[in-house]
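Have a look at these structures, which come just after this line.
Same chain, two partners: subunit A is paired with subunit B first, then with subunit C.
Right after this comes the complex of A and B.
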């Protein structure tokens, strides 16, 4: 069993991406990765805080890092790339003593640094390892063709995120390959989906997300696996809007990569929350898996 | 001793922040100084005449000039004092420009520091002794390393000048990168048609010995007397018997190996002659793919060879060549395009380098000169060229401009239209850099006569969709995003130092920059010399160059060698280490320390002693600081002199 990691679900983990949170917890538990909840954690400030004030934004994130530090744990994992950016940015900015002083003035307890923030994906790859993940597979995702979509900020800016290739990341590809899925080469894996423009400018999201879905379909993907709650929302919830705006007829399931891992690791269905998604991936999933099953039997 | 001190203004370079008159006046208080003055330009003719006149008028026996770095003008002033009848080593320089005036603005502090530096120089000068060089003979053979167009030119010019030339080439044929090109800018003449005759001249010249498929293993010696060990790599074909008929290539059953001459876009056989005009036109077996080596059985080439030239048991061979000078002309290699992950080079077959495109254009290339894209062999209609891939990009640690890519991209756009009249070329560029004779006219022709669409901006990403490559970038002139559906994407990969260049530089004992390019002696005034006597540079090993520049440097390096060899004897620098045999205890530490193998052990009245080989010693001084007895002293930089300098500094 590996070292304990503090777990920071982020606000969306309690709301729009409950299924990401639940499947992450279940998958990590199955793989023996000990996620420890942070008592009294608070919002990282998200986009509004860093747009308005860098000190405030750093303080909101640093408060959580300080709590982790108090738990005696060296690293914190979060499923949300946006939270991750804020946590890592806070660490980076507070390397400057003048900034650290300003931020610490806002905090009840000063944060002295030293807590590394990583994504759940990075934790799985680095703390558990591909070999162990592969060994834990019970129902291989054989026959399932998946496009891995990382979103634009998981690996960017590369100097800050310091994980995987920022233009052609492979971590999720490798994890889902280890699950037995056929990972199709998806050239737009780090393209922007339109992010929060879904609220003020739906046309932008329709165009950008439409392109993602179009290319995913053209490379033969059955579904698009994601690692970001906001990307998931744009690709899944807004797929109907995309279809109306572009005159297309997409119906591509967009599950979190942790949900697919859960299937392969035989996590109970009720912990994976597929019902929370707009387009239920289970019919496509079952068809692919049974097709492979039939083929295996036929051979 | 009667010392004269000259403080140079260097126009306003020094005088601007140093009060030279005050420095001169202060110098008069130092021991044995009988004359001191400031002077406008010490290095100019009137400046040098002033020094000579003062030596004669005041009977000076030593001179200090406070001016620029000794690397700039020490030889100038040494010659000046020699003309006035002094020994050239009775001279010292104080660097008050690079070390003072250029780096500080405080005039008073600068003036004080200059006085200190002059005082240090005076204390050293007071302990200088006249030195005289000894003469040694030279071997008037020259080695040229690298058989690209620069090396070929250097070899031919030296050979035409009557010198014996040894040309060493790593590949099995000379020709270098130029042999791979289809046409050349700005004249669009056929590359192999203009290079081919020169290659044949190399083969036929009675003064040139060619070691192809060979590499420099080790280099010993010094200017005039180098010993170079050349490793002739095993070709597994006896080249004295091979006639280059090509029967072996026809029958070789291992046909699907990546062809390095064709930049790996075509296959080749395990036994191979890289191209029809190869010099020498001899076959080489690649043991990593040959079935005889990999599986232990085949032997087809040995059966079909009409002259029985195949020798599977051949081994590498070392030959030693004695030469007096070496020209390094090892060229460049291409930036690895797979490092720019957003363009997908190495992942997508239809994203290729400019040099690969040359092979597609060339009649001797894998497609017979018909442009066919690698993925499906279809003729492309829309071709996108992306410039500056691995050039002018700090994020890739390649901040320099590769220089020739703007021109070859324009040429390739023109050739694309020639080959496929209904094609359309797009060129994404940052700036057009075409400062050569007829160069800018050429790039304009690509745009105006051949209709290439030039888009100023960077490409953000390239990805495949439905059999096309989607190229997305910015048009910074129109202020918009652009997407082009391309059939083929050609990346103008930048030039970088040739593989193994730093290693060779270390063997040659020359410097290289952080990118692996060899350092010239002076960026403007000594472009083909190095800081190691007898070693010269030509072509892209010093930095990216196009063909005219490379040929020019090849000739320039040859001229330097011919000038060096115009003398029968060379003078050795007397600033070398000498052993005080009475103090030497024969411990041998200096022998181990010397990086030039310039110290040997000798027997003296039954005792072991160290002895310096005069012509090999480079005067670095490592041995003097190693010797526990202080028995080795570096002439002109003795322990006493250095301690006197330190004392002078500490007293002030």
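Right after this comes the complex of A and C.
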């Protein structure tokens, strides 16, 4: 049992990435990682806030860091890389007293610093540890070929994110291989998927996401595991748009890494929300697992 | 190809403001082009990011702040990560958008409208209301919703809540915005 960590789901966790939130909670519970909800958390402002003003952006994040500090907890974990960037940036910028003063002027209750924000992936790797994660596996993902896609901001810039390698991150690869999956080398691990331009500029997402799917297919991945709600939405929900724009025929499931962990840890199917993805990964998953099973029996 | 006379229109105050607001020394840029090479959006930009850096050094305020590129940058942090001179290029791009806003410029208006709709939603509810944001954006741009095809995929999943998640502290969040607006106008 580890120390308690405050949990910041991010707005998409209540909507478009419900299954990421649900599978994260279930996996952490199974592994004994105690996630405590932050009462009345608010939006971090995401990309729109930092593109408008850095003080406003830091204030929207700092309100939440202040709430965590009031809970007497020193670290907060979030599944969403965009929230993570904003929370970490607010901490970093507020180290400068002049900036902290400007930000605190916008808040009802000032934030004095001292709450570290990390990703759920980092919490799993550092607070639970790969050995313990591996020991908890009940249904190994043997035979499943996965490309791990981290998205552009999970590890960049390295000075700010301070976790894993910025060009070739391995944390998710290590976790999923501990689950028994075969991780395939995926050269576009940190390339951008088109971010939130799907609404104002669909053509951009089609091109960037199309490239990711194309390379995932060419390296022989059965599916692409992701850690970001926006990446998931572009690669899965918009896969049909990509196919129409590029004349391709992709049909690649794009589960969250926590959903795959859930399968290996024997978390109940209802808690993993596979049915909420556009392309349900379960048929491919079951085929890979039963193929490996048959091979094991035949040998 | 556009030709720009770099000695004309040099605006030293602009260079100084960019450096101050971003905390970056833009004169360190020696035009290696690493940022442009790794930028996933170069194909969509009107001015590649390394040229934006050069134009900032040359004080070309109007050209830079009227560019489409500053509105298409996704803050993917590739440039910042790979710049050999440790310039936080993504932060410079962010600051250029802040300045363009203040000058009333937005060369890709639908991107600005989308971001504004998002922030309005946060201001009103404390958290972003995904469906409300989309409807608001479509109404404000008067555009046909290019994502109509996604409706049948997403609605049956029960993911898009039809009403916002109001939080108890939403007035607190609204006050953050109000104080910010007051500070920026003073």
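Everything that follows uses one rule, which is that the second predicted complex is superposed on the first by the 299 of 299 C-alpha atoms of A that agree within 3 Å, B and C clash if a C-alpha of one lies under 4 Å from a C-alpha of the other, contacts with A are read in each partner's own complex, and residues count from 1 in each chain.
We take it that contacts are C-beta pairs under 8 Å (C-beta built on N, C-alpha and C of every residue); 3 or more make two chains touch, one makes a residue touch a chain.
It should be emphasised that the depicted structure is a prediction, and the values quoted were computed from it without experimental measurement.
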Partner chain in contact with A:165 - subunit B first, subunit C second, else both or neither: first
Partner chain in contact with A:218 - subunit B first, subunit C second, else both or neither: first
Chain touching more of subunit A, residue-wise (subunit B, subunit C): C
Subunit B versus subunit C as contact partner of A:286, first or second or both or neither: neither
Partner chain(s) touched by A:47 [first = subunit B, second = subunit C, both, neither]: second
Partner chain in contact with A:295 - subunit B first, subunit C second, else both or neither: neither
Contacts of A:192 with subunit B and subunit C, given as first, second, both or neither: second
Footprint overlap on subunit A, comparing subunit B with subunit C: 166-167, 191
Touching residues on subunit B, where the partner in the complex is subunit A: 340-342, 344, 347, 461, 463-466
Complex interface listing, subunit C residues touching subunit A: 40-41, 43-44, 72, 74-78, 80-81, 88, 90, 94, 97-98, 101, 108, 110-111, 113-116, 118-119, 122, 126-128, 130, 134, 137, 146-147, 149-150, 153-154, 157-161, 165, 167-170, 172-173, 175-177, 179-180, 183-184
In the complex, subunit A residues that touch subunit C: 11-12, 14-16, 18, 40-43, 45-56, 59-60, 63, 102, 105-108, 152-153, 156-158, 166-167, 190-192, 194-202, 204, 207-208, 237-238, 240-241, 275-276, 278
Touching residues (chain side subunit A, partner subunit B) in the complex: 165-168, 185, 187-188, 191, 215, 218
